[in-house]
Every structure is written in C-alpha cells, then in structure tokens.
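Here come two complexes built around subunit A, the first alongside subunit B, the second alongside subunit C.
== the complex of A and B ==
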C-alpha cells in the first residue's frame, strides 16, 4: 500500500523531508558525524511536540481557534512546578502543579471564549497576560532549584535516544488514536470543518471546544514543568514556544482552518525547527535573523497550503482517503466515477 | 442638493390624474429574462413592463421568482438570458449591470437594507450620496429624510439622528421606504412587502404617497402578500408562478379570490401532473398518542403565543408563508431552553441550508452520515468503526446515494448531499426529527425517496416536525399548523390538508390589526425627537412583533 507516491501524498511527510534536508546541510557544514546532532534534536524536540500537540487540537477546532497563551503558560508552569516539587519534595506533585497551572489559565480562556464570546486570539492573549503577571510575581526572589533526579531522568539517553522522546512519541500515538477512535476526536474534527453543521448534527460543541483548550493548557503546563527542570525556570522560558508551536502544527500538515489534525506532522515540524535552529547557530546568524527566517517559513507553508482555504478544489492538499476502507466496502458499480475525483 | 429639489407633498398632483399609463417610453421592460442559481431556475423567460405613472402589483407564492425578478429589475443582478430595458436603454444579458443605468430605479426591501449602527441620516448618505453636498452632507441628508418622512408618514416619530438599531420595526420600515424614495429622478420605486410591519394608518399614508409618486410621473412596483391592498392600490396586477409572469390583468374588477385562484391554480396543476406522488395513508390521529413535545403559548423571538403538540409517530407540518415563525418553532424544539417548551426524548435536525449547516466538507459520505449516530454506537467514548460502517452502508443502499459510502462529500451533487444529511438525522437514535425546509432545490426523484423515508420512519414510531415552504409537501403530514405573523392561524388534520386550504389560510388577512398598529397610532408630533421615539419604542415592545 505504501508506495512512494502514496507516502508523498501524506501531509505529514514534508516536515520530515525538510528536517532531513537541514540535517544533511548541517553534516556538510560541520563535517562531523550526524548521530550526535540527531540525538540533540531528539532531546529538545519533545518539549516542542508536547506544546504543538495541544496547539494542534486547538487549531483543529476551526477557523479562529488558536492558543497564544502557551508561551506564558510554559513559563508559569515552570516556576509553579519547580517551586512545588522543592517545597513538597515530590516530583510528581510538582509536575501535577505545573499541569494544574496550565489548566487554570486554559479555564480562564475557555470561559472567555465560550461564555463571553471573546475571539480566541484575544481571550488567550488576555489569559496569557494574566499568566505572565503571575510568573513575574512568583519569579521575584525565587530560589528553588529543579529536582536533580528528574533532571537526570530527562537527560537519560538509552542508545542515544532520549527517554522523553520515546514517551512523547507514545503520547503522539495516543493523540492519533484519540482523534480517530474516540467520539471526542471525531466531534472535534467535525466542529473544525463546519461548526454550524456539527451543532445541528447534535454534537456538544461547547463541551468539546472547552475540553480542547483545557488539553492545550495541560500539555503546555506539562511541557513547562519538564522544560524548567531540564533547563531552569526563567520568566521567558516559554517565549519562543508561541510562534514555534503554531509553526510546527502548520508545517506538519494540520489545516490552519481546522477540521484536519496531523499529530505525526508535529514531530516532523518540530525536528525541522530544532535542526534549523542548530544550523543557523552553526553558521552564526543572529537571533533576529533566525526569527525572520522562521516567520518567512511559516508564511511560505501557509501560502502552499492555499492560505488555509477550506474550499475543496482550491486547496492543493486534499483530505487523505484511507485505502483500507475502500477495499473493505463493496463499491457500487461505477457510479460515474465520483470517488476518483 | 438634488434631494432637496424633490418636491414634498403640498404641490403634488391629486390622485387619479396620472392614472392612465402614458404612451411615453416604458420605465422598465423585462424581455424574456431567465436566471438560474445552480440547478434552480429562479426565472424562466419572464416578461414584464412597467409604464410611467402606473402602480403595478406583483403577486405570487413563495419561490415564484418575485424577489429574483426585483433584483434583476433593480440592477442588482444581471440575467442569464433576455434583456432589461431601462427608459429605452437596453441592458443585455450576461453583463454585470452598471449602476448608472439603474439610477432611477429604487427598491425598499422587506428586511430593511439600513445599517443598524448608523443613524438614519448617515444611511441616507449611503444610498443617496450623489444628491448630497460633500461638506455638511449630514445636515442636508437629515433635512431631506425628515421632509420625506413627514410627507409619507406624518407622525412617524423618527429623528434623522436616531440610530437605526434603536428604531422599532415599523419605524425601520418607514425609514427604509423614505431612503428608497429619495432619488432624483425617481423613475421606479419598488416596494417589497412594505406594509408587513406597518400599522393600518401607516399603510394608508404609504399608499397615499404611492399615488403622489405616480402623479409626479414615477412608477411604483408593489409586491405584497396582502392581495386586498394590492387590488386597491394597483392599476395592474401581474401574477408570477414558477419563474415567470403568467397573468397581467387590470386591477379594476378583479377580486381577491380571482387572484388567489390564479396563484393557487399552479399548485392544483402541479398536483395533477403527478409530480408529487399521492399522499401516503395517514395515521389517524388518536387521542391516546403519547405527546413527545409541546409548546404552550410560546412567545418571543418571532413567536406570539404559539401552542402546538407533537405526538409519537406523527408527522407534523409547519406551513404558511416563509418567515412567519416556523423556524423559530423548530429552534425551540431543538434547544428547549424556555419554560414554554416541553420536549421528551432526543432530537435530530435536518438543516435546509446544507452548505452552511449540513456538509462536513473534508469527509467522506460515510463519515458525514454517521457523525450523529456515532455517539450512540460508541461505548464509553470509544468508536466502533465496524458498526458505523454497517450503518453507513445500510443507509447508502437504502437511499441509493450515488458514489457510495466512500465518495468525498464535496464531490456529490446537491441532491445526494441532501440525502446524506437526511440520513444522518434518521440514522441517529433521535425520537424526534426536525426538518427545516430541507428539500428546496432538490430534484423530484430524491424528494420522492425522502418522502417515503419520512412516512416509513413515522410508522416505526418516530415523530417528525416538518417546516416546508412548499405547500405540496404538506400532503405527507398527519397534521399541519399554518403560521402567520408568529401565530398559528389554523390547524389542519388529515383530509383537511390541501394546498388550496393552506394558501387560503396563509393569505387570509386576519381581522386583528397587524402587530405594529399600536405603534403607528401613538399620538406624536413631529417636532423633537427622542421624547417621541421613546413611547413609540415602548409601544412596540408591548406589541408582539419582534424579530431579532
């Protein structure tokens, strides 16, 4: 089934292709073995993938849905998590506290979006601002240190593959199952395609949308907790994750207009971005130049994807059809060949 | 400045003088005009001539093509075939009409075209800026609209500085008519259901003004469902059906029944040609049928004391002209949030506007079809794909959906998409299915399939509530409620249901005055503004007619 042609029609493949290209360039420029580069990328990518998965769910909920509070949530969760774990001595409690911080911020966003009909970008911007203020208050005179045990765990690389990468990969598989195999995932995808139609089809639009923002908040909280342990809690820990999380979702093939989520693509996009960072550092570009490059890349991908157009035919990327179901069903004899459009 | 030149009232020629159609160039001539939207033939080679100085009444049932014809005559849309000639200048088919050709043709819309956030004067600028000075236009516009309103509707209680949003429905309609009439020259004034939200006094004043316009040499095209009004005002009456003008008669000597017959004849013919299958045997409505839903004196949001009952296994029709409250009833049943609505059991909804509220464009037929059923098929939130596939295959076969379960929804024709969306509702476990005029623009074979499906599902104990703008479809119902102005005006059961009956009831002008009557009769002096507008608004909210 997976002929090369089939594989190329998968929307998630392009992130990986781009990542491979950048990797090749890095090897050519540095003249060193590529294994270490990959290992380093794999230890940084999981954090971005965690945030990206949450962002992907939100974006899938339809036009206008976006979570711009992920950056501040990561920073806040980092402080909350490190502070809690050092105060209680329990790593689990620390992570849970970070997760809870994300949930609280997301709850504020959800109430604003669904209860007060505030546009999501404004609502999450506002709740992000609240989170930033809280972060600054906590950061003032903050002395607690991350738990060394957890830090060692995060640095663990059996056979060169970071443990966290494996865990997050498993989580990505779970996200695929969630989207395909549960009523939640199906409802979310339907809402993203046509919210009005989903509402008329009897789907609980409000509940699903709220759950989606909460999931994004929780994942950003989790990423913040781990990242603060891995690096250190700082007020601008999450800053770069705002644009990056949206970028990896888009590059990964998820429709920016909603209705189609591609969890595997988030990995491709994340690896591409991390490697790109490495390459740009290698050739000695400034941070400003890096950001310029990234911004242009996102615009370019959106341009390729038809500007997020959802009109069938206008967008070059068509929904994937699963060949297996085609084979399993008795196809009616040649009804005008509509299936082969 | 031109607007100021328009004479107001006093030196108008008395009614009657300009009544005989002049021999001059007709104001507007539509020759063999056709217009198609997708698969719908809105206009099928229609002809219409409006002479200078006459009032032409245009009547016809829902979907006869009146609105489309008006849009073409007003230059808002080009026609596919035929030509429109304005004052001797021909606008050929296929071209986008140019604004300057239609400058003297003005239209007052039923749902007003005013911007709610702007003041009345600012709205006047939007549509009449050609006649206004560039500087100090606000004052000029205010003066012009005030004079015109005083002329048409004495005691209107509108200040040019009022925001449209703050006006009552009736006042908005008045402002809309004044807006349309402010043009120089005014060759043709099209009034689309102008009196639907006006009180009797205001209607009287309007028709007096219509006479003034014709006396000045302008023409008026009056579209109304109120046949009696049309007959009393118009010089000629044109009857439309199925996209063309089928009768064009002098109004003099014509009775209301004659006109209704001319409009309703269409329906009798349609029934006789076998386009619609004979009605299925009806369930005899029994007293012991359990009630699944009930509205008790539902009021507000376009409804005015609606009471109705839906029994188990019953097909209940909601009939009447479009927009009389039927969709609000469906909305109440779909989301029963108010206390006046009682609904037992689950519901499914079939939207009429499938592109906007039905189709999930990225998915296949099967995915579209099972989205509602999915949640009852699933166990603990986990889908059961095998069961879903079986359900989808079953329905695809049952309704013979072309392309099969695996075709992309977006590739299907409109009729097949509609089948999928109907199947989506019936594939769910809902006890009651709400149909929101879902068969508009659906071909006759698909309709026949779906009518059969509705009867079969009802026979198995499902209740169906069915709003349709096509009265012929009501023949498939056990019981029909006919709506007018947010009220149930008739309940027809079993053999009483017929198109003629429904048409007669929906057009019958009730004895009770229209809702806005209280408003128009509020004693006002057209002096200063807010103080007058306030009681008027209060009068309206006490009245019943409120749209949102």
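== the complex of A and C ==
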C-alpha cells in the first residue's frame, strides 16, 4: 500500500510532484529558505481550491458536465458580498449574500440543464453571461470597501500557515468524506461512471446533478466573497479562475470523463499553479513567458501522466477497445482509498 | 402517387436531424426582420454586409470547432489560436511574407502534433487544448505585447472589398461551409473523421487508423483557425492576441445552435454557418434596440438559452 510504486500510481501525486519541482526551482533561484514561499502559496491557493472542489464535483457527474460560470460567479459574488457587508455592517451576511449569488446563478444553470436539456457547457456559459452583466451593473459607481476585520482574519498566519488554508483543508477532508461515505457522494460517482445505469438502478439523477451544480455555485460564491475581501472587488476578479479551476481539477487526477473525484489532488494542482506564478514573478518574466511556461508545463504534466479514458470530451460511456481498467472504472472503495492516500 | 408524396416529404428522422438548424434559421430570420424594422438600411447591400461581417471570422472558427466536436473532442484553445494568427498576420506576414507564411504553416502543424499527442497519450482534448491555449496566448504576447501592427495590403483590400450586387461576407461564409461540407460529407476522409466520433471501434476494425483520422481533423481545424485569424485581422486592421478570446465558447454555442452535439459523429457545416450568423446578429440587434452595454451579454445568454429551449420542445414533440 505504501510502496513508492503504489504511491506513483496514485492519481493525485502528479500535481504535488510538479508543485515540489517548482518549489525547488524557486529555492534555487532565490537562494533562500522556502518557508516564506510556501506560506505565501498557502495564502493564495485556498481560493483556487474552493473553486476547484466545486468544479471537481461537477466534472465527476459525468461526460459533458462542466461549470464555465465559475469565473463570472466569483466576480459577481465579490461585489454582492462586499456591498452587502458594508451596507448591513455584518460580515456573515455579506459572505452569505455572496454564497446566495452563486446559488442563484447555479440554479439558473440547473434549470436549463435538467429542465430544458441544454448541454451544460452552454447552459453555464449563458448563466455566466447573465452573471457578468449583473456584475457590470453593480460595479457601476460601486464605492463600498471590503471589511477590514475579515481582511485581517484572512491575512492571519499562525505559525506561517494561513487560517483560510486550514479551513479549506478541513473542507477538503469533508469533501473526501462526503464522496466516500454519504449517499450523495456514492450516487454522484455512480452517475459519473454510467448515468443510464444509475438511472435504471433508481438513483435520483436529476436531484443529485442539480445539487452538484448548486454546490459548485455556492463554493465559487464563497471563494468570490473571500477573494474580493482579500484583494478587492473588480469585474474581472474571477476571469483566470475559469481555466485554472478546470486545469487544477484534471492535474489533480480527477477524471474529466467523470466517475472519479480526487479532492486531495485539487490541492496539488492549485499549489503547482500558484507556485508557478510565484516563480515567474520572481524571475521577472513577462506575462508572455508566464503564459508560455504555464501552458507548456500543463501540457508536459498531462502528456507525461497520460490519460485514462479514451473518450475524454463529452461522449456517453461506451465500451472501447482499450479499456484502461483501473483508471476508467474505479470501484468506489478504490476511489476512497486514493482520496485518503 | 403515395410513394411520390412520401418521398417528397422529409422523413421524420430527417426532420428531427435538421430541426435544430431550422430553429436557428427562424431565430435568424426573426432578428433580420427586427433589425430591418428598426433600421431599414439593414436590408441594403452595404447595410447587410456590415451586419454580417462580424460573423465571418467567427464562422470560420466555428467550423474548426465543429470538426473537432464531430470526433468527440472539444477545443478550448481556438480563441487564443485565432488571436495568435492575427498577431502573426499583423507583424511577420507584413515584414517578411515568406517567414510569416512559414509560421502560419508551422501553427497548423502544431495543431496536428497536438492531435497526435492527444491520441497517443490518451489525454482529454478538453484539457490539452486548454493547456495549448496558454501557449498560444503566450506566443502572441511574446510577438506583440500590445495590440497593434498593420495588416498586409492584400488582406486589407480583401477586408475592404465591397461589391454592389451582393453582400461580400456571404461569399466566404458560403465558401467555407461548402468546403467543409465537401470534406466532411462527400469525402472518404470525412467519413473516417465522423466514424472516429461515432464509433472508434468500428473504425479500427475496418483496418483504418484512428490516429491518422484524429490528426487529419486537427490539421483541418488548425487550417480553418488560421483562415479565421487572417479574416479577423483583415477586418480589425491589426493584431491583438486577445481579440478573439470570446470565440472559445461562442464557437461551441454556434455549433450547438447549428445542430451539432458533444457526442461526436455528426458534422453540420451549414448549420454552423446559420448558428454563427445568428450569434453575430444578436449583438447588432441589441445595439439597434439600444440595450445598455452592461446588459448585452445577459440578453445574449438569454437568447441562446431560449433557442435551445425551443429546440428541446420541438424535439419532444417530434419524439
């Protein structure tokens, strides 16, 4: 179970390996101890992990399921949250309002996907467009400032580990338990592996799928609320989180064709991306080199790790000539094992 | 008599297949009528050219997306790729046409290599093209950090071409739809590409290589992406790597509106042309309706949802 060979076959390991490599390069370049770097990475990664966890749940729901509204939702939730908390004076209400904004957008997507059978990528694109319009309307003449108390709390780093990182880590453990031990988690995995079989087995496919999109919306809303307080509410606050959230989920070992979720891997992918940004800033490269490096590394990790299922895009599960047994259809017990590692 | 009648009427399956494009056509016609009632000049040749010109590069990119969707893949890098091509067109293609042309061919080869790697390493196209999009963006920023440059004369004069007898944008739109139609529906290559999307096992059992089919599809998509970028820079008169970033998702919407699906196996070049024109017209309609800029994207999203909802309803009635 714990031999290196087994460890290397864990789907979540590649993100962490890549993150470690980048960390080593940063230490070599800066010539200092890496503690500071890790602490900084840990204060930025939780936001990406929050969004990534939601995206992971959606992707796990099966072929074609993807949430491209997370970017606009983050921006919208940022404004809604900061606006509400400065209007009411309550931080909790502000965060709840941001969360609610995410839920409303996700509800629109869910109705379109499940009620009107619109493909998820289009449904979430459309609801994301609505969200970005709402953001622009709110942003017009927006003057409210983020709550300083919450900002201090987000900046708090006992023993160099940001408080939010601990909270989000706990949330990740919760996600593992949710996927492993609850009816919802097991149903979601089953639906992702074979929707039709899950339906025939009597699982409430519609309810589980709707819940999944709502969870993604809520997590993106939460991330947006916190991020807007940590940085500042801007209309393009969430732009980079759309592509990054999808990338960290897949680098983390979650199957893009659904049916296998790897919450721990999201951390690996997120740390890899955040450290990479840090490295590029440290070396003082331009945005051009930053993107080039990010793209090449993502492709490198991806092609090195290789894939599981042959039909990645959005096709229903079909028998293929080359079934990759372990990767394509993991047993639920197997999935649980990998998430705990 | 009855035979003649039944053969004249489209079959139920045929109706179901063309229903999505039909709904998009109705939406397109409705928008043209609405635009014309608001601004009668839309129905003149120059007016209609102006309205349609926005859709031309979009439709080329959407055809590329359609080819990849017909093999069951999806391209999340097409927006940055088209942007990169506009950058090359505005810089290298002006300073040294030969080098510029070589770079454009190298980009198409890059797409072919990407397709081959996706197949050989069995990785999801969604995430590989996503990674490639960072590469395209980085390359574009590297060549031209800020928007600018000039387009080659021949390209600019094509962009400014204004025949009086028919709207100029219709020509490239119809030409590319015909070309893709001939390739996907009337050639062996097209059959192989669609077979890869609908039944890769059958393709392999028939003794044909799925790898070469995928590489061919990616090469075609890369070539269409290059054409899209050239057309876009002929309109904007310069290069900007982020000028087409919205294409990534809008092209997927155009394919879906045109009757394509994520499942692969079907090619809908004419539908894509209609879907792309409809999406291009949305923004024109909205600006004629004086919809606030802030709200335009919301209305755009709403229209896409409404068309798809209408389609789902029709599909249910036909079933």
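Following the convention adopted for this analysis, the second predicted complex is superposed on the first by the 289 of 341 C-alpha atoms of A that agree within 3 Å, B and C clash if a C-alpha of one lies under 4 Å from a C-alpha of the other, contacts with A are read in each partner's own complex, and residues count from 1 in each chain.
The rule is short, and it goes like this: a residue touches a chain if its C-beta (ideal position, glycine included) is under 8 Å from a C-beta of that chain, and two chains touch if they have at least 3 such contacts.
These numbers come from a predicted model, not from an experiment.
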* To do: For A:284, select first, second, both or neither according to whether it touches subunit B, subunit C, the two together, or no partner.
  => neither
* Contacts of A:260 with subunit B and subunit C, given as first, second, both or neither -> first
* Asked: Of subunit B and subunit C, which one touches more of subunit A's residues?
  -> C
* To do: Please work out whether A:148 is in contact with subunit B alone, subunit C alone, both, or neither, and reply first, second, both or neither.
  => neither
* subunit B versus subunit C as contact partner of A:31, first or second or both or neither -> neither
* For A:182, select first, second, both or neither according to whether it touches subunit B, subunit C, the two together, or no partner. => first
* To do: Report for A:190: first if it touches subunit B alone, second if subunit C alone, otherwise both or neither.
  => first
* Asked: With the two structures laid over each other on chain A, which partner does A:198 touch: subunit B (first), subunit C (second), both, or neither?
  -> first
* Regarding the shared-chain residue A:294, is it in contact with subunit B (first), subunit C (second), both, or neither? -> second
* Structure fact -> Overlap of the subunit B and subunit C interfaces on subunit A comprises residues 310-313, 319, 321
* Within their complex, state which residues of subunit B touch subunit A. => 346-349, 351, 356-364, 366, 371-372, 374-375, 378, 381-383, 385, 389, 393, 402-408, 410-412, 424, 428, 430
* Structure fact -> In their shared complex, subunit B is touched by residues of subunit A numbered 180-184, 186-187, 189-190, 193-194, 196-203, 255, 259-260, 310-313, 318-319, 321, 325-326, 328-332, 335-336, 338-339, 341
* Structure fact -> subunit A partner, complex, touching residues on subunit C are 69, 72-74, 76, 117, 121-128, 130-142, 145, 200-201, 204, 249, 252-253, 256, 261-264, 293-302, 304-305, 308-309, 312, 315
* **subunit C-facing residues of subunit A, complex** => 63-64, 66, 68, 112, 116-119, 121-123, 125-130, 132-134, 136-137, 140, 243, 246-247, 250, 256-257, 286-296, 298-299, 302-303, 305-316, 319-322, 324
